[in-house]
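In what comes next, subunit A is part of two complexes: it sits with subunit B in the first one and with subunit C in the second one.
This part shows the complex of A and B:
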């Protein structure tokens, strides 16, 4: 049986876990194509019009999978950290998909909730395994393998600073585990922190190759995904009130950490059109930066119409500003 | 200390009562207006939802009137509301205001924390006084909700246009003024008497529409462009999915005090939205099903632009509407919504419902006004 995983949203974080888990249970995992014009168009046409860009992109990826797989994996992600959420739309994602896309293959929509404690991941795996008709010991074994693999990958990512970027059809995970570590380029002139939701900054199509473009301009790119968790938490402590969105906590936590300790030359905040948490987090970030710091700050709002030329000009101008300050 | 708080429909009446009974000076922000909206939009993040902008406008207006302490509710997510206070505090600080912001976090387990904050604000250590002030405020909230229900059922059939609203306005003032529970009881009797005296058209068959969606847009008439009054004028009996007293109960009382019906209600949403999605997203869908079962003629679903939980709900609306054979109109509100535009849509929706009713039901032509 072939199980399809949409190359969108939390794919950029948990794909290694889910892929290993499904393969250990004996399934073939099929990824949707990297985001392209058709996927985006399909997504825009099928999603309720008020939804944010990443959710629309996700819809497009599900449509891309329809004829290729026997089941699509769309987990209901409530929470991945205790006492935190991702976003309300993630909670209702399988419902949104079912309500908006006709002729779907069966959907595996098992809940992932670590809201109470981290055991949520095991319960999530158990629910999937049970749904697919496996015995508990077998599920346990697959879960162990998946967790080990995921933790190994995460260590690799943080220690070597490997950004979860896909290259062509190849997923970031294959690239990382193949140890094709393109060794760090020492010609980098500046360091820039790019913050934003992983599915916005690593999706090459949606972000219009933001990371590559900055790298080509001689910038060393840091993102929350390659910062050790304890540093993020350390930064997040400066917040007046605990932030209850995990991804936004990573955004603010890593920025605050680097503002205090780090050696960075600029910050880029990538927000997507219609994103609720981004509107709040972006505002807090911008106000803090303009009040207490003089660091160059670029705020990019991506939507389905973003023109690439204007975007390039802004990036170049941003790098020029950094260069001018030296 | 001069205390202020944001507007949300009639909420200011019980809140004002609570603090004034405890001898705390209160500055109620001017009712939401174009000016409030302009102030709020000017200083808020562009993509924030409308309630953040308008409540920010409330705060600015109140601070300009001399308030120095803002009371705001908090939350634990996933809806953005829980972080409103943090953003608004930063914005107001940057604008140069000097104030103290007290955020009341939902007390699931933190009842002591709330009590401490109340003690701090009121500077009183006497639980009994606080209890009786809270009780009076609560009674007022309940009465206001009953009044709203009554007005919504009388307005569509009133003979003299505008009479109900006149009585309603006066009644609100009286409720606001009442100082003790006894006084409130006598006010209540007077209001009910006056309401029953309003002349009603006997031959009118009103249609019934339920109002569901995001709480702030439902409760604040300025934001929803007086939708209840407008529908009433079109001869529609409106029932709201949420009332102020329910919101207070959900947010301030421990969860075991929630009535059982709430759980039964949520079960109705099961085929469409299977889990909590923040805010009232799941409730909205459940209520559409409920209204359909109760024989309502239609439902209007309200949400502010970019509201996350209601967008999830919105994606389910077409299916629910089809499955339960009930027309649903979704109305997305933002700072650009205008009364005339919305009025036209409401008229069209009401017309559609009338046609449907005439075709399917045993009604003669229904009167139009």
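This part shows the complex of A and C:
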């Protein structure tokens, strides 16, 4: 049986876990194609009006999978960290998909909530396994393997600073290995921290190749995904209130950490148009950074329009600002 | 005479600035792009050559504006810079202590914040072009007023009416409504100026600290009504530089001059004025390589392919050495 995983949203975080888990249970995992014009168009046409771009893109990826798989994996994600939440659109995602897209294969939509404690991940895995008709020991085994693999991948990513970027059809997970990387470019003149939701930063189509473009301009790019978790928590502690959105916490936590511990030359915030948390986080960042011009700060709003010229102009000007301030 | 050329290819106008080695303006050109950037560029080159014949030697070329890549390919450029850096460079050269630059062009508007002669922050209008030159052009045309007189007429107003400036479409219907109600043209124009300034300050300049000296440049700076509205809203004097309409081109020329003086052993890439005589054409096709269906633009010089862009993956653009 083939299980389809849409190459969107939390794919950029949990794909190594999901892939290993399903494969250990004996399934073939099929990824949707990297985001392209057709996927975006399909997504725009099928999604309810008031959704944000990443949700629309997700819809497009589900459509891409329809004829290729026997089931699509769309977990109902409520929380991935104790006492924190993920965007409410993730919670309703399986329902949105079922109501908006016709002729769907079966959807695996088991709930993931680690709000009480991290055991939520195991309960989530157990529910998926049970739904697919497996015994508890077998599910346990697959879960253990997936967790080990996921933790190993995460360590690799942080130790070697591997950005979870896909390349062509290849997923970031396939590409991540210690030897393939760390060809650190010494020609980099500046270091820039890019913050934002992983699915906005790493989807090369949606972000209009933001990372590659900055790298071509001589910038070393770092993101919250390659920063040790404890540093992010360290930074997040400086806020006067606990942030209960996991992804926003990563954005603000890593920014605050670097503001205190120096050695970056600028910050780019990628926000998707219409995102509630992003609008608040963006404002907080702007107040912190722009008021006394501590660091060059660029805010990029992504939406479905694809005019790249204005986007390039901003990036180039941003790098010029960094250069000029040196 | 040795000089440097700056070219700014914008959506509405294509501008040229020719400066000498001391940075003094020798010649400026403001040509309407009229949707044909290639023609505008070659026409500009011809005009400069006719004007100076063989008395000048181009030592360096800089291009900027949304058509900077195109201009660089046709003319041969040493520096290809974004508009923000170019505008800032031109302004700093004239006003070294400027702290805020307001720039409103044909289809975009920007704010540039400088401290101690260095750009520290900037913003550009995002999806909306309300309040830029092309909108003013259109409204002036609709009211039957030459755009050059727009500002002076607006200044005559004593009781400006309030126009919704959030969106060009709504602003237009608001204006039509006010006309039907019997408001005077000057009051409507002044109201429009105020609305555009409000919109600019609320969108583009949102959250930015506007400190004097404030310089206002770009084609719209010709409009004294807008300048006045800015002064009233900000409570500071607004400086409009002498070459306000070609500041981008001037900046590009200054950057080219700077670049060449830092790289003394590099010869300019300028292709010569003959470039203008060659025939340049652009063609486009849709790449069928993947579902992205990118539109690829190909630039030909006398039937020889000289540049290609528009693809996301680099399949076409990287297969030709520019």
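Throughout what follows, the second predicted complex is superposed on the first by the 319 of 326 C-alpha atoms of A that agree within 3 Å, B and C clash if a C-alpha of one lies under 4 Å from a C-alpha of the other, contacts with A are read in each partner's own complex, and residues count from 1 in each chain.
As a working rule, a contact is a pair of C-beta atoms (placed from the backbone, for glycine too) under 8 Å apart; a residue touches a chain by one contact, two chains touch by 3 or more.
Just so it is clear, the structure is predicted and the values come from calculations on it, not from any experiment.
Novice: Does the subunit A-based superposition show subunit B and subunit C clashing or fitting?
Specialist: fit
Novice: Is A:293 touching the first partner subunit B, the second partner subunit C, both, or neither of them?
Specialist: Second partner only.
Novice: Quick one: classify A:209 as touching subunit B (first), subunit C (second), both or neither.
Specialist: second
Novice: Touching A:261 in the superposition: subunit B (first), subunit C (second), both, neither?
Specialist: A:261 sits against neither subunit B nor subunit C.
Novice: Quick one: name whichever of subunit B and subunit C touches more residues of subunit A.
Specialist: B
Novice: In the superposed arrangement, which partner chain does A:135 touch: subunit B (first), subunit C (second), both, or neither?
Specialist: neither
Novice: For A:88, using the defined touch cut-off, is the partner it touches subunit B, subunit C, both, or neither? Pick first, second, both or neither.
Specialist: Touch partner of A:88: subunit B, not subunit C.
Novice: When the two structures are overlaid on chain A, which partner does A:309 contact: first (subunit B), second (subunit C), both, or neither?
Specialist: The second partner, subunit C, only.
Novice: After superposition on the shared chain, which partner residues are touched by A:276: those of subunit B (first), subunit C (second), both, or neither?
Specialist: first
Novice: After superposition on the shared chain, which partner residues are touched by A:325: those of subunit B (first), subunit C (second), both, or neither?
Specialist: Only subunit C is touched by A:325; subunit B is not.
Novice: Give, as a whole number of angstrom, the minimum Cα separation of subunit B and subunit C in the superposed three-chain arrangement.
Specialist: 7
Novice: Which positions of subunit A sit in both the subunit B and the subunit C interface?
Specialist: Comparing the two interfaces on subunit A, one with subunit B and one with subunit C, the shared residues are 287, 291.
Novice: Can you name the residues of subunit A that touch subunit B in the complex?
Specialist: Subunit A residues touching subunit B: 47-48, 50-52, 76, 78, 83-89, 91-92, 94-96, 99-100, 111, 239-241, 243-245, 271, 273-280, 282-284, 287-288, 291.
Novice: Which bits of subunit C are touching subunit A when the two form their complex?
Specialist: Interface residues on the subunit C side: 66, 81-85, 108, 113, 115, 118-122, 124, 126-127, 207-209, 290-293, 312.
Novice: Taking the complex as given, what residues does subunit A use to touch subunit C?
Specialist: On the subunit A side, the touching residues are 33, 36-39, 205, 209, 286-287, 290-291, 293, 296-297, 301, 303, 305, 309-310, 312-314, 316-317, 320-321, 324-325.
Novice: Using the touch rule from the top, collect the residues of subunit B that touch subunit A in their complex.
Specialist: Residues 44-49, 74, 76-80, 82-83, 85-87, 89-91, 94, 103, 272-279, 281, 303, 305-309, 311-316, 318-319, 332 of subunit B touch subunit A in their complex.
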